[in-house]
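In the two assemblies presented below, chain A is common to both, partnered first by chain B and then by chain C.
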Partner chain A sequence: QKVSVEVLEHLERLALVDFRDAEGVERLQKAIQFADQLHEVNTDGVEPMDSVLEDRCLYLREDDVTEGNCTKELLENAREKVEEYFVAPPGNIPLPKLEEQETFLQGS
Partner chain B sequence: LAPWVPVVGLEIHAQISSNSKLFSGSQVQFAAPPNSLVSFFDASLPGTLPVLNRRCVEAAVMTGLALNCSINKKSLFDRKHYFYADLPAGYQITQQRVPVAVNGSLSYSLCIDNKMSQMVTKTVRIKQIQLEQDSGKSLHDDTRSQTLVDLNRAGVGLMEVVMEPDMCCGEEAAAAVRELQLILQTLGSSQAVMAEGQLRVDANVSVHHPGEPYGVRTEVKNINSIRFLAKAIDYEIQRQIEELESGGTILNETRAFDSKLGCTVPMRDKEGKQDYRFMPEPNLPPLILYDAKSLPANMNHQQVINIDWIHERLPDLPSVKRKKLVEQYGILPEHSFTLLNEDGLAEFFESVVKQTQMKPKKVIGWILKDLLSYLKQHSLTVKESPVSSFLLADLLNLLEKKEISSTAAKQVLAELWKGEGKTPLEIVKEQKLELLQDQKELEQICQAVIDGHKNE
Partner chain C sequence: AMLRASLRQVSAALKEGRVTPTELCQRCLALIKSTKFLNAYITVAEETALKQAEESEERYKRGQPLGILDGIPIAVKDNFSTAGIETTCASNMLKGYISPYNATVVQKLLDQGAVLLGKTNLDEFAMGSGSTDGVFGPVRNPWSYSKQYKEKSVPKSHSEDEESNWVITGGSSGGSAAAVSSFTCFAALGSDTGGSTRNPAAHCGVVGLKPTYGLISRHGLIPLVNSMDVPGILTRCVDDAAVLLGSLAGHDPKDSTTIQDGFKPFELPNLTDVSKLSVGIPKEYHAPGLSSEILALWSKAADLFKNAGAKVVEVSLPHTPYSIVCYHVLCAAEVASNMARFDGLEYGHRSDMKDSTESMYAATRREGFNDVVRGRILSGNYFLLKQNYEKYFVKAQKVRRLIANDFVKVFRSGVDILLTPTTLSDAAPYTEFIQEDNRTRSAQDDILTQAANMAGLPAINVPTALSERGLPVGLQFIGRSFQEKQLLTVAKWFEKQVQFPVIQLEEVKRHDADVFQHQKSASFS
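For the complex of A and B:
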C-alpha cells in the first residue's frame, strides 16, 4: 500500500520536513511497513501502555519559587534580542500555497 | 421568516493562583521585567523535564468539586503540537484524553426584562476541566515586521473549563461567566481578573432553525471583559443570521472581537484546520488522586492529594452565601446578588448590621442605594470607601433613635463622604440637624409662627 501524495504533502506541512526525493519517500514507506507489523499482535482486552513509566508515582512539587531570574543567561541563546525580549518573525510565516510550491512530490 | 435558535458554548481559561508555575519553579506574577520569571524548562532548553506543582492540582480539584464534577482519580497528560514563537517547546502540555474533572454544572441567575425583581435560574453543563500550560506573550511590532516574545507567562498553570453549548445569547454567557468568576475568587483557585488576563473566554457561536441540525459555528476570541463578551456574542449571532438570510454561508473560522468597532472580524494568522498530533506526555506518569477510602497507608502525605479532604474544606460558594444572607437578614434575593457582586460589600453590610440597632431590612437600603451609588459615582471600591462601616452604623443609630430625620441623615452622609474625620454626631451638632423631641419646645415654636402671622 503506497502512501498517497495528499498524505505526504500534509505530513510535510505539519512536521516541516521535506521528503526531497524518491528515496526519501521510499524510506518513509518502509518505516510505515515496519511499524505495521505491530498489527499482528492480538491486543484484545489489553489496555494500551503510554510509557514504561506509567506505573511510577507522579512526583508532586511544593508550590515554592525556586527558579527564574536568569534573563541574561537565557538571552545568550538568542540570535536577536530587543531590550530583553526574544525577537521572532511577525507571526508564522505561511508556507507557500501548494500551487506555488515546487515540491518533488508534485513532479512525481 | 422561520425563527433562529442561537447556540452559544464557552471555553474558559482561568489562570491558577499559585506562587510558581505548573511544571517549574519559576514565579507567577503579572507585570515583571521581560523574561525574568523564566526557568530553563519554561524556555524549553534541552535536558529539562516537567515537575507537577501540587497546588495547581488542588486548585483544579477544588474547582471541579465546586462545579459538581466527577473527579477522575486517574487523569493523564498529553502534548498538543503547534508552531508559534511564544510556545518554545512546539507543544503545550495539556489533558486531552482524560482530564482531571468531568460532567459538572454551573447555575447562574438572570434578571428578566432588566428588572432586578424578577430573577430566573439557569444551568449550563460543564463538559470538563483540564490542567494545561499557558503560553508566553507575543508583542507584535508591525512597523519593524517582528514579534517580541516574553516567556514570563509561559508555563503558568491554567484550568480550562469547557462549557456545553447550553446558552443562547450574550446575556446568558455573561451571567454564567460572572458566576464562575465569583466561584473561582471565593475558592481562591484563580483571581479571575479578566483585565489582567487571568480569565480568558472564547465563545463558540452558531445559529439554526428549530428542528434542524446545528449550524456551522465560529469561534470568537479577544474578548477582554464580561460586558464585551455579551456584545461580541450578540453581534456574532446577528451577523450570522443576516449572512444566512441573505443567502450566504458561515465559515468555520476564528474571529476576533474588535471592541472599538463593536464587531467581529476574521482573525489573520489562523491557518485552516490544525492537526495538533496529540500524543501522551512521556515524561509524566498518570496523576492519581485519592479519597478517604482509597488513601494509601504508607505514602508520604505530601505526595497524596485527598479529594474528600479538599471537599470538606471548601468555603461557602456564592449561591450558598446568598441564601444565608437572605435567611439571616430577611433581605430580598436580588439584594443578595448585588451584595456579592461588589467585592467587600457583603462584609461591609454585615459589619454595619452588627454595630447598629437598625433592622437589616432597613440597613440594606442605605448600603445599596446610598453607599453603593456614592462609590459608583466616584469609581471607588468598598475598601476605598471614605465612610467606614463604623461611621455608617453610628449614623444609622442616630436615625434609629429618632435623633435626626432621614433627610438629615442623608445630609450627614454627604458630609461624611468628604472624609474629614468628623463623627456623625459632630456633623449633626455643627449643622443643627437635631430633631426636636421636646413637646413643649415644639409648641412654643409653632405658637411663635402662628403669632408671627396673626397680623396677616
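For the complex of A and C:
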C-alpha cells in the first residue's frame, strides 16, 4: 500500500521538512516496508520499554535557581533579534496549500 | 615515537619532564596538518590548545599537575558542545554555531587539564555508519595509507593511484577514530547510539568503548536518540580507555538520566587466570553477510579463552535479528522529536524566507538538513502519527524489551561476558561504500552493535588482527550493566593475547624523523 498524498502532505506539515522529490517519497515507502518486519514478532503480554533505567528513580533536584543571567550569550547565536527578543516572521499563517508548494508529491 | 605512546606512557613522560605539554601539543598540531588529507578534523583549535598546553606546563613546573590527563592532547567529536569553539554536527544547520557552554564530558576533561586539539568529523548529526555523509566530506581511514594495506593492494594499473583506493573509517565517529589511529591525539570522544563508536574503532584498529547507558553524562551531547545515546571513548589501548572512563563517569545533576550510584575510578588488574570466567558466544551474531575471515577470527578468539581455561558456551539472543528494525523505528521517532529544535530562531542556520514563521521554519530545515536527516525526520513523524503509534512506535518499544530481556536471561544463566564480532567485514573502499544508500548501509553495519544500545549495556571493540587486505578487524565484548571493570579487565587480557600490530604510516615516520633532528631526549622503550 502506498502512502496517500494526504498523509504525505500532513507529514510535511508536521515535520516542517519536505520530501523534496519522488526519491524522498520512495525513501519513506521503503522505511515503512522495512519497519513492517516488526509485526513478525509476537509481543503479546509484553510491556513497552521507554528506558533501560525504568527501575530507577530519575534524579530530581530542588526547584532553586542555580544558574541563568546569560541572556547576552544566548542571544549571540540568533540571527534576528531586537533587544532581548528573538524575532520571528508573522505567525498563524498556514503553509501554502499543496498545489502552491514546490513539492513533487503530485508526481508520485 | 612519543606520539605513538599510550596515554599513560606519555602522561608519565610529562610528569618526569621528558617532554613538555607545549612540545606535545605542537607535535600533535603539526601531525594534524600533515595528515589533513584524512579529513578527520572539522575544526582545529590551535590557539586555545596551545594556551591550555602552556597552562598545563606551568602546573607541571610548579609540581602541581591536575592529574593523569593534565597536558594530554585529546579530540572531541563535533556533536559535543564546546564553548567558544564551533560545533557543527557536520551539518549546514549548525555551521558557524558557537555554543555558550561545554558539554559536561568536555568540561570534565578540561578541568583535568586535558588539551582540546579540535573537533572531529562525523556523519551529519551522527546518522550513518561510514563518516561519509557530513557536509565537510568523508573521513579517510588512516590504514588506507599504511604499509600494511598498500602491500596487500593489487595495483590495477599505473595510472590508478591510491586516491581511489582509500577505505572508509566506519561511523559515525570516524573522525575521532581516525584521529586516535593516526596518532594526532591520545584519546578522543565519540558518541554511540547504534555502534557509532565501536564500528569506526574496529575499522581503524583502535579501542572503542561504549559505556553503560546512564554512566556518563549526555549533557551537551547533541541528542540523536535520548534513550540510547552515550558518549563513547576511543583510545589506542584498553588501559587508556579505563583512564578516560575514570575521568568521565559519574552522576551529573545536569543530566537526570545519569544514575546516582557513586562511581569509583579503577585501575585494571593484570588478569592471568581466566578459569573462573564464563564467556558466551551468541549464535545469532553469526549474522548474514559476516565475512568468513571474521568468523574464523571470532572462532579463534573463543578457542583462545577455552584453551586458557575459561568456560566458553554458545548462548542465544533470539531477538537479535529484529534489533535493526526496532532501532529503525525508535531512532526515527526520537530523531523526529529531537530535530524539532532546529528552526532557525534561536541558533543555527536561518533561512531568508520571511513570509511566515512556518514557512521560515520549513525553508530553514530544508536548507539545513541533508537527505538522511530529513528522511529520518519524516519516517519518524510517520511512525508517530496517531494511526501508526501503536502499530509501530509502541510495538518497537515492546520488541526493545524482548531484546533487553534476552540479555538479562543470558547473564542470569551464569555468563559473565559475551564475545562477538564488531563488524561484518573489514573497511570497504569509499567508492564501493557509497553505492548503497545510508539507510541500507546502516542497517547492515549496525547489526552487531545495535542491540547493546537497545539494552543499555556496556560494550567494547578490541582490535584483534589484520584482514587479508591488511586492514584492522576487531572483536566486541558485551558486559553486564555497570560492570565496566569486569568488561575492561577481560578486554585487556584479550588485547595482551592478540598483540594487534601498530599501524605503519609514512607521515608519522617522517614526522618523527623531523622532530628527532631537533630534540635531545625522547625515546621510550
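FYI, the second predicted complex is superposed on the first by the 102 of 108 C-alpha atoms of A that agree within 3 Å, B and C clash if a C-alpha of one lies under 4 Å from a C-alpha of the other, contacts with A are read in each partner's own complex, and residues count from 1 in each chain.
Following the convention adopted for this analysis, a contact is a pair of C-beta atoms (placed from the backbone, for glycine too) under 8 Å apart; a residue touches a chain by one contact, two chains touch by 3 or more.
Computed from a prediction, not measured in an experiment: that's the story for all the values here.
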> So, A:C70: does it touch chain B (first), chain C (second), both, or neither?
Replying inline: both
> Regarding the shared-chain residue A:A31, is it in contact with chain B (first), chain C (second), both, or neither?
Replying inline: second
>> A:F19 in the overlay: touching chain B, chain C, both, or neither? Say first, second, both or neither.
In response: second
> Where does A:L53 make contact in the superposed view: on chain B (first), on chain C (second), on both, or on neither?
Replying inline: both
> Which holds for A:V82: it touches chain B only (first), chain C only (second), both, or neither?
Replying inline: first
>> Contacts for A:R61 in the overlay, against chain B (first) and chain C (second): which applies, first, second, both or neither?
In response: both
> Given the touch rule stated above, what does A:H39 touch, chain B (first), chain C (second), both, or neither?
Replying inline: second
> Which partner, chain B or chain C, touches the larger number of chain A residues?
Replying inline: C
> Do chain B and chain C touch any of the same residues on chain A, and if so, which?
Replying inline: 10, 14, 16, 50-51, 53, 56, 58-61, 70, 74, 77, 86, 88-91, 94
>> Using the touch definition from the top, list the residues of chain A that touch chain C in their complex.
In response: 3, 7, 10-12, 14-20, 24, 27-28, 30-32, 34-35, 37-41, 43, 46-53, 56, 58-61, 70, 73-74, 76-80, 86, 88-91, 93-96
> In the complex of these two chains, what residues of chain C are touching chain A?
Replying inline: 97-98, 100, 213-214, 227, 251, 253, 256-260, 319, 322, 325-326, 328-329, 332, 336, 343-348, 350, 353-362, 365-366, 369, 371, 374-375, 377-383, 385, 391-392, 394-402, 404, 437, 439, 443, 455-456, 481
>> Considering only the defined contacts, which chain B positions touch chain A in the complex?
In response: 18-20, 24-27, 33-41, 43, 45, 51-57, 76, 83-85, 138-142, 145-151, 268-269, 271, 275, 277, 280, 282-288, 302-303, 305
> Hey, which residues of chain A end up touching chain B in the complex?
Replying inline: 10, 14, 16, 50-51, 53-71, 74-75, 77, 82-92, 94
